[in-house]
Amino acid sequence: MTIAAINSRNQFKGQVVAVHRGSVVSEIEVETAAGIVSAVITTSSVDRLPLRVGDDVLAVFKATEVLVAKLSERA
Amino acid sequence: MTIAAINSRNQFKGQVVAVHRGSVVSEIEVETAAGIVSAVITTSSVDRLPLRVGDDVLAVFKATEVLVAKLSERA
Amino acid sequence: MTIAAINSRNQFKGQVVAVHRGSVVSEIEVETAAGIVSAVITTSSVDRLPLRVGDDVLAVFKATEVLVAKLSERA
Amino acid sequence: MTIAAINSRNQFKGQVVAVHRGSVVSEIEVETAAGIVSAVITTSSVDRLPLRVGDDVLAVFKATEVLVAKLSERA
Amino acid sequence: MTIAAINSRNQFKGQVVAVHRGSVVSEIEVETAAGIVSAVITTSSVDRLPLRVGDDVLAVFKATEVLVAKLSERA
Amino acid sequence: MTIAAINSRNQFKGQVVAVHRGSVVSEIEVETAAGIVSAVITTSSVDRLPLRVGDDVLAVFKATEVLVAKLSERA
């Protein structure tokens, strides 16, 4: 079964540079053009994919999950 | 009341380049170093901040909201 | 660029049976083995994929987004 | 205080078949008509409800949390 | 089918004081002890429950959805 | 860089009263006017801000993350 496209427009290509394993969830650091994107996913998923440092990945997140913070003039 | 810092590590600085208004929610496009980040927020928030094209902003999203998609070898 | 796998274990295969278009977001109904799964995505994504009634899709959602409601004995 | 209904249309009835405890969050596996739905909730909630293997539950998730992945023709 | 309890600890009791209808999603304002909690849900859910001004409700949100912003000393 | 405002209308001021540390995520309890709001954030964020018991904070969550549960007449 091959995925042709995902609806979410926010997709950042990058490489896994760190996997911080926990018993239930793990933090994955993905190096992208805009810097590190951090993802928390289940450790069972890390083992199932599997995900390892060096893998080419997409960091994907929905627009409804994004907050917008306005910066003050002195930004 | 000034916010010193937000917990979420995923914070991408950029500029609002488009506001697509809807009656209840609006889609905001933020131009960042990694390209466009799309956010869907309530239109009442757009008017309350207010948010306009040209504003300096942060696009913020939690690590728990990020999915990781593994790319196949032919990526 | 081909996606080999997505971390989220919650992936339900199905067919798009309805697209309720809005100006900014649209509601997509996916008929799966367990009944209808409803998704709200940006209308720009509906047009970009594109998504239409009859398409074979996966409805994907992270474990961290799932609430568990306990049913009383008389369930 | 009794809950008559929850807004989210995505409600899948099932039975808890596994609880993977962690110090802060736990992964709950719910066997539903469409297979296993995985939920990550706080371990304090697991103890407070309490949630145990065999419990009748609903796995609930909002439409805004669902991504739609289009499958390629060879799906 | 009666719901005995929901895992999420963040449950704020209140009354619906406004429903801003949109074609696909609607914004619901709930007056709680801590002020207004705003929810965006599908308009199909508003009609299905149904939800009207004056209804006694719970505003429920998962701990994983909450960001924590540290306030500066001059807060 | 100073944040002037965040889009999310759901912002509850309070004080950190507990930090339950885990290896990857931690649960933060914030005492607000409406009682305890629970947040699960990455432990790396707890150390980076840093967040400690007694800190003045805002608990922030998007309207799209809120579910509305209707209470039955006998509520």
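Letters A, B, C, D, E and F name the chains as they come in the text, with residue numbers starting at 1 for each one.
As a convention for this text, a residue touches a chain if its C-beta (ideal position, glycine included) is under 8 Å from a C-beta of that chain, and two chains touch if they have at least 3 such contacts.
Treat the numbers as computed from the prediction; the structure is a model and nothing was measured.
Among the remaining chains, those touching chain A and also chain E are B, C, D, F. The interface at D-E recurs elsewhere; of B-F, A-F or B-C, the pair that shares more than half of its residue-numbered contact pairs is B-F. In the contact between chain B and chain C, the residue numbers used by both copies make up under half of all numbers at that interface.
Put simply, the chain farthest from chain E by mean CA position is A.
When chain centres are defined as mean Cα coordinates, C lies farthest from chain F.
For the pair chain D and chain F, the distance between mean C-alpha positions equals 22 Å.
Averaging C-alpha coordinates per chain places the centre of chain A 15 Å away from that of chain B. Of all residues in chain F, those touching 2 or more other chains are 1-3, 5-9, 13, 22-23, 25, 27, 38-42, 44-45, 49, 51, 58, 60, 62-65, 67-71, 75, listed in ascending order.
Residues 1-8, 22-25, 42, 44, 60, 62, 64 of chain C are the ones that touch chain B when the two sit in their complex. Residues 20-23, 25-27, 38, 40, 64-65, 67-72, 74-75 of chain A touch chain F in their complex. Interface residues of chain E facing chain F in the complex, by the touch rule stated above, are 3, 6, 9-13, 16, 27-28, 30, 32-41, 45, 49, 51, 55-71, 75.
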